[in-house]
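Structures for review follow.
Two complexes are shown next, each including subunit A; its partner changes from subunit B in the first to subunit C in the second.
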Partner chain A sequence: MRAGLVLEQVDKSFAGAKAVERLSLEVHPGEVVALTGPSGAGKTTTCRLVAGLEYADAGNISVAGRDVTRLPPQQRDVSLMFESFALYPMMNVADNIAFALRAPTRAGRTDAAAIARCIDEVLALTEMSDLRERMPHELSGGQKQRVALCRALALEPAVYLMDEPISHLDAKLRHKLRAALRRRLVAAPAPTLWCTPDSMEALSVADRVAVLVDGRLQQFDRPEAIYTRPANTQVARLVGDPGMNLLPGTLVRDDGALRFRHKEMTVDLSDETRTRLDASGSSGNVVLGVRATDMEIAEPGAADAHRVEVYSYEPFGKYAILTAKLGGDMIKAKIFDATHVDIGDVLSIRLHGRNAVVFDAATAKAI
Partner chain B sequence: MAARVTSKRDRTGRSRVLTTLAILYTVGILFPVFWMATLMIKPEAIMFVRPTVWVFEPTLDHFAFLLHEGFLWHLLSSLIVASASTLLVVIIGTPAAYAFSRFPIWRSDDLFIFILATRMAPPVVLLIPFYLIYAKVGLIDTYVGLVLAYLTFNLSFYVWVMRSFCRDLPVELEEAALVAGYPRWQVLLKIVFPLVRPGMVAAAVLCFIFAWNEFLYAFMLGGDKIKTLPVAIPTLITTQGVRWGEMSVVGIVGLLPVLAAVFFLQKHIVRGLTMGAVKG
Partner chain C sequence: MIDTDTASRAGVNRESPERRFWYPYLLIAPTMVTLVIISLIPFLYTVYLSLHESKYGQVGGFIGLENFLVVLADPRFWNAMGVAIVFVLIAVPIEFMLGLAGALILNAGVRYRGTLVPLMFIPTMMAPIVVGLLWKIMFAGSWGLVSYNLFERFGILSGTSIFGSRNLALYGIILVDIWQWTPFMMLAFFAGLQSLPVNPYRAAAIDGANPVQVFFLITLPMLSPLLVVIVILRLIDAFKIFDSIFILTGGGPGDATESPSIFAYKMVFEYWQIGEASALAVLVWLLFFGFCNLFYQVAKKRLNAF
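Our next item is the complex of A and B:
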């Protein structure tokens, strides 16, 4: 048995609908693995399976070298933070946090002084120290979420399960807590499974990211790899802000160079891509994935640029997101030079093929 | 601006009229109780003279008569039967309601309707079977017999009310406690019961009042050794005439626990009716 959290070929369906399908994951002690995917992808179900609130139809789950597949939740020693917070309404903040610490399964592990110290520490971490006597109904949504977070962090479990731990916080606190939480979880001797529908949050907090769509694991890799080399078009579309642009077209080879030909334009691809494609021997219909950051506005009439019609323009300050029509396809570009653009303008856009990913049009998998 | 002032004045005017009407209605409703309270301490001789005597020397004769006739014992019987049946209803009904709301029970809806059906038949229909069974097993005129009879009626009502209370509780609260390491029975004790307590109190008070006021079963299944207050009252209709003063005393005393229960538990009852507000 391996230490940490191990899921092997776990299946779970509800009333015939597959929620999680043959899911295998391994999270090492001290490692944070982010589980990301659209809503309904099976993230929460995975947490509940590990926590013992649901039982797997097939497959095995082990925590810290112990097979827990059939164990009731009390015996699994997990710390689960609920997306809905699940604060006990009749207990104040401090008692909510202490409740799990006082559980019979932890009898003798923590005395009253240690519990008080622990509460102080997690409240300080989440900037909630002045609210320890408050009742849950006196807290705002963000404060409730922080209490739920404190409750999960106060324990020293065999595995941390965080179901959207910072999604309801305001942006400033979210950024601050994201880093603080990661530091704390990485220092802990237990593995962490961090669920979030926000792929960028997943990339930023995790050592490795698992992308789940429709209950199936699409890709499980380091954040950089998920971002630069998505395994299929679903991951490409999901990860990134905005997701990758996907353009259908064909590959053309002429005297050693590899080009992608779209009905409106052609893009030169990198040598690395060419080597990879030569090795796989595939040709024909493909989908080209280009990050929004690999596009820029070119001077009008530039030879290597393409005319597009602006569909929408969202200036965010230091960058802007430009959505434009290129032939029949919509593309999103992240523009860093602040030129104001109006809807309906016709611009020249340059696409860089250097970081592009080529997907097989038939299988949607990266080549 | 002027229009708003007028409408405000209209509104206070209307509310004043409504308040007056409400006061008049309350006085009308409470007058018999007041009348009963005066009869408690009115000497027999001037009880029904016309014109009505409003100022008189109070007497404690009626109380003395009742004490002599052993009405304290009947009061105690009423208390025992109503409290014991209510206590049992809460002890048995709360876990039952919880189970109905949470666990997949085989044919749970049918079973539930079946439980509720015991409440649908008029009580008198079940009286004969009850009597025959009780006569066979020797439960006639026993505390156990009466408590069991009230239990059957109140339990279905209690389970019915409490099931919806339990259903409204977010299940995550219990799941959080389970994951935290508490066994199921402690989750019930520490999380579920404190949260449904307003509902438990409200439903239990109604069960108590039902058992306290019940006459038919108490009369048929008890009535000899075990006499509850409602059964004891008719014994005051004697061959020498109706003992109105004594009857009033028993009536007022019978009213007290119900009033006390409602006053003390008012907060719980109101909270119980707005329980849906509990959110995780």
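Our next item is the complex of A and C:
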């Protein structure tokens, strides 16, 4: 048996609806794997399957070399941070955190002084030290989430399961905790499964990212690969802020160069892409994936630019998100030069093909 | 008036300020009027009677606390209090424990629960008079179902009813009370268990708590507000027990099962000492008022109930 957390061909359905389908994942000891996907993708179900709150219909789950597929939660030695917090309503913050440390399955591992030290440490990490005597009903949503997080972090389990651990926090604390949590989890010997619907959070905290859509694993790779080489159009649309622009069209070869053509628009593709496409021998209808960052506003009438009509313009300070109509399609561009644009303006947009990903139109898979 | 409901605000704002002021009082008026007529007025009249000489339906002059002193000097009063205290201290804890155990079993999942629950509620739904008659027959001398099988066969109490024994009659009544009121406790606690949030239990499972810890650290604290309310209700109700004793023993043999309510009844309708009887009622009320307040304060502090 392999160390860490291993899921093999795990199936789970609820009343006939498949929640997780043939899911195989491996998280190494000390590794953080982020599980991302839209809501309803099966992230929470996966956590619950590993924790033992649900039992798999088929397949195997092992934790630290031990088959836990049929074991009850008490015997799995997992630490689950509940998306719904699941605090004990009649215990104060400190007791909530200490509860698991005092449980019989962990008895002997921790004495009272060690428990107190552990509580102090996790409370300090989440900036909750002054709230240790509070009752759960006296806490805000974000504070409750931090207590739930403390409770999960206080343990030294065989696997950490973080179900949206920082989603309800304010942006500042989220940024701080994202880095602090990753440092802590990577230093721990146990593997971590970190669920989040926020694909950017997934990319930023994880050693590897698993993208789940409709209960099926779409791609499982390093964050850079997920971002630059999405395996299919679903991953492309999901990952990134905003997601990849997907334009249907055809491939055209002339003079050894490879171009993407969409109505009267053409985009030059990189040599690397050409080599890959030549190897696969595919042609015909494709979908071109272009990152919002690979677009820029061009001077009016530039030969390699395309006319678009502005649909919306959201300035974020350092950059702005421009949504515009290109032919019949809606595209999103991340614009870094501070020009003000109004809705309805007509602009020229230049698309760079250097980082573009080509997907097969029929299978939606990357070529 | 607290304006929280936008619909009511929209409806009431168009009215004159006076109408707005009276509107909430109007809504609670039926309840208040009923309570005043059937509860407050008789209570105040009882207090009035307890301070006056009144015998055989004639209300005489004001005599201060004379009636109270008479009652407090009467050994039958102290006997009645003793009967009630023994009765309450045995019956209610047993009902509580059996009820809670039954509720936990029901909650853990029992087959045909939907059918079982209404059936189990039958004793509580029956009129206390019927319950009394039922048990009177069950314990009747040598031929009652229970007395024959338990007592006749083994030669105990041969020929007499348990309710004819000075030493055992009260325990017989306690048994009947447990039979009648345990289902009420059970169903109240079962409903409470059903309404508890499920997530703390999931967290406890993952945290590795064993069933005993789950019960004492999760279930009991979350259920305690309900437990306290139900126990208070039951204590009050048990202390003023009347119907089943009236049917089963009439307070006898002698005064062995004479509860305060039975004693007060006899004082009024057998001896026509209305003043003293009123004083007794007021005394019992004061006692219970004090006790419930104390209980409430303790529960509020210690259990986070209410």
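The definition used in the following text is that the second predicted complex is superposed on the first by the 366 of 367 C-alpha atoms of A that agree within 3 Å, B and C clash if a C-alpha of one lies under 4 Å from a C-alpha of the other, contacts with A are read in each partner's own complex, and residues count from 1 in each chain.
One rule holds in what follows: a residue touches a chain if its C-beta (ideal position, glycine included) is under 8 Å from a C-beta of that chain, and two chains touch if they have at least 3 such contacts.
Nothing here was measured: the structure is a model prediction, and the numbers come from that model.
After superposition onto subunit A, the partners subunit B and subunit C occupy overlapping space and clash. Legend: residue contacts after superposition of the two complexes on their common chain; A:Asn285 is shown touching neither subunit B nor subunit C. Using the contact criterion defined above for the overlaid structures, shared-chain residue A:Gly52 touches subunit B and also reaches subunit C.
Of the two partner chains placed around the shared chain by superposition, subunit B and subunit C are both touched by A:Ser84. Touch criterion not met for A:Thr339: it reaches neither subunit B nor subunit C. Within the superposed three-chain model, A:Ser312 lies out of touch with both subunit B and subunit C [touch as defined at top].
Across the superposed pair, subunit B and subunit C both touch subunit A at residues 51-53, 72-74, 76-80, 82, 84-90, 99-100, 103-106, 151. Remark: subunit B residues 170, 172-173, 175-183, 186, 191, 194-195, 278-280 touch subunit A in the complex. On the subunit C side of its complex with subunit A, the touching residues are 197, 199-200, 202-210, 213, 217-218, 221-222, 304. Residues 51-53, 72-74, 76-80, 82, 84-91, 99-100, 103-106, 151 of subunit A touch subunit C in their complex.
Interface of subunit A with subunit B (complex): residues 51-53, 72-74, 76-80, 82, 84-90, 99-100, 103-106, 136-137, 151.
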